[in-house]
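Both of the next two complexes hold chain A, though its partner changes from chain B to chain C.
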Partner chain A sequence: MKARSAVLLASLSAALVAFALTSPRVVAADKVDPATDAKAFQNFFFQKFPDVKHEDFVNGPYSMNADMKRQWQEKEEFPPYEFALDAGKEMFATPFKNGKTYADCFPNGGIGIRQNYPYFDTKEGKVVTLELALNRCREANGEAPYSYVKDEMASLTAYMAFTSRGKLMDIKIPDDPRALEAFENGKRYFYTRRGQLNFSCASCHVQSPGERIRAEILAPALGILNAMPIYRSEWSGMGTISRRFVTCNSQTRAVPLEPQADEYRDVEYFLSYVANGLPISGPGARP
Partner chain B sequence: MRKILTPFCRVNSLDCQVQPFVLWNASISAIETFATTPRNDALTALARTPLLFLLLAFAAGLVDPARAQSAAAEGQKLAFDRGKGNCLTCHVIKGGDLPGTIGPELKDLKSKYPDRNELTAIIFDETRRNPQTMMPPFGRNRILTEQEISAIVDFLQTL
Partner chain C sequence: MKRSLNLAMLFALSFAPAARAASEADYKAAYAAAEAASKEAAGMRNQWTVTVTALAAAKKAGDSGDFDRAVAASKEAEALAKASIFQANSEKEAWKAMEIR
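After this line comes the complex of A and B, so read on.
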């Protein structure tokens, strides 16, 4: 018995030494590698749903269910986001009190650029989303910022997405440790369980896309932001990416963050980056 | 509220809530209250009054199955309540509309889990058995109380 425990002790300490020796190498192999992450993320969905065309993932639940897709396509003849789209177009063209317009704040006059947002601002050291950039544009021109979750913000982003439809998501991660940290932070937020119901974003949108919760079909995480903003029947109105994050948190009984909190900006960065190569489809309509 | 099984009133049916049964249930409650007054009093009373003894026997005969029924009915209500168990969001359950597809259908649970403690443990915190599960830890995160979980287990065992 004693000999046995001695052997056990020896092998245990040997294992400990081995672990101590190898662990630095494990950490090194674990370094942030967004390109590899994006590839793995996309392949996961492509293999899980071999019949779904890659560019179709951006249509959320409709890519998962033929019946729903047919109904949606009929609805698209008179899309529910049309009012917001028209309003956004008009707002975009209307000058601020100082005579400038939104077009002055964005590359290419703000047309066809949705696929480049969010981007990492190396001066600020943080992720800048389209919604944030729009409110910064307003404030820089002496206008009050809009609510991040709906109405005007949804109309403006609807128009900007519409002018970018079909363009492929193209998010860059500059060679800056803070950008890698933002990506990693967003990824961590995405996969961390929280709230009373103990769900992570991934529980529903990676583990269970295509499944039903009650009558609703869960959308795949891949390309989920490409369709934003969306008209949701459940909301009886338009909602932005900020609104989607806040309501996801509150529906799983977690404490929502403030719209455009660092974590939300980072998770948007992560989700958009892993959707690189998939087309912008927003504004969208969802049940 | 207590629900009694009669030929007209099954656990799953709304009939149980209509007036005659409410009255019936109220009278059962009264007998039950009488029967469950502190035991010592009841015992001395038992020795003294044959009438009370009869009443008690009547109550005892009726109350036990009634109590099991009422717990299962209460459990079903909790299981279907969106703010409580909300089990239909993920599971097919007999008697429930528009079920989700994430979890397995809940049926034959008594043969699958003869030990009710197993069912209780799954509802309390399934992540202990399966860290990847979607199922919320209803007990650990205080979504349901122990009594509520117990009532739901009563209900699940009828499936």
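After this line comes the complex of A and C, so read on.
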């Protein structure tokens, strides 16, 4: 009888210990933890592609394919985004009608700050992207906003990215539940399947980087925004982050959201944060 | 036995009503159903481009009086919209399976 009680007591204790050990994990899994997410995200790519230098992921498909990389390096001698860079530099320095310039709207006069965008604005309670901040600057100075998907915005962001080249992505998530929610919403958007083709962003850029989709080699999600904006041969022109999101949605046969919709701002926040520590390489060039 | 069965089938078929051409009322009912499902999908921020295309084709056919084609396109649009609603609902939880942890 004594032995039976002892076995029962031991089983009960073991069950309690097991419960105590597993419970916190369940709670932790439900908690929004951007730092842990970013570490897991980066490790996934570092382990999947052990031969790719960490800082090389920002070069998208060129980090996955040696032949393409050689072609790109040659192309970089006369980069196709150069005209946009020149236009952006001129636009950036040209005063608005009221005499002010973009430099008046940004920290450090807008030079070398790309790596800090998007940021979470605690006053507004939302994510503010660089494209959004540029248009807000224009409107605050009495100018009409630019289209988020056309050349002017791409030129401006190309110049600003260029002044940040080599600086490490440094996105902050303030201790604010709304910021954590924005990060989580961005993460959900990134992994959610949509469109008739039933693709999520992750279907291509997590599950299949380095693989071909028709003639193209898919870029890894890690560092994918560090190269933005990009000149795409397919577009015969420059494209902003907004344009990239809109096009990706259309390609899965999903009706795109309006540029700078909350979902797009949040997914930009998520993707940029998980690329913290990787260099800005924009503007980029892609096939 | 086999011959009499064939004859019976032929007899039965000869009295079966021919497929009725769709009317304007059929089209309007089918289009309204498709439009309602499409609006629901759009409200979930999960509209598909093919739904929009099928709805537009239904409207175009309906406007030109081709109600057979209009009803077929409306039904296709409704089916696509319902599939996108199903997708949006199932992805509320399913996305987590794809997450890198």
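The rule is simple: the second predicted complex is superposed on the first by the 259 of 287 C-alpha atoms of A that agree within 3 Å, B and C clash if a C-alpha of one lies under 4 Å from a C-alpha of the other, contacts with A are read in each partner's own complex, and residues count from 1 in each chain.
In this section, a residue touches a chain if its C-beta (ideal position, glycine included) is under 8 Å from a C-beta of that chain, and two chains touch if they have at least 3 such contacts.
Bear in mind that the values here come from a model prediction, so they are computed numbers and not experimental data.
In the superposition on chain A, A:F199 contacts chain B only, with no contact to chain C. Set against each other, chain B and chain C differ in how many residues of chain A they touch, and the higher count belongs to C.
When both complexes are overlaid on chain A, the residue A:N65 reaches neither chain B nor chain C. Of the two partner chains placed around the shared chain by superposition, chain C is the only one that A:F41 touches, whereas chain B remains out of contact. Once the two complexes are overlaid on the shared chain, A:T247 sits clear of chain B and of chain C alike.
By the touch criterion stated above, A:A215 is placed in contact with chain B alone, chain C being left untouched.
By the document's definition of touching, of the two partners only chain C reaches A:E263; chain B does not.
Within chain A, the residues touched by chain B in the first complex and by chain C in the second are 196, 198, 203, 207. Contact residues on chain C toward chain A in their complex (touch as defined above): 42, 45-50, 52, 80, 83-84, 87-88, 91, 94-96, 98-101. The part of chain A that touches chain B in the complex is made up of residues 196-199, 203-204, 207-208, 211-215.
By the touch criterion stated above, chain A contacts chain C in their complex at residues 29, 37, 40-41, 44, 187-188, 191-196, 198, 200, 202-203, 206-207, 250, 253-255, 257, 263. Chain contact summary for the complex, chain B toward chain A: residues 88-90, 98-102, 127, 132, 134, 136-137, 141-143.
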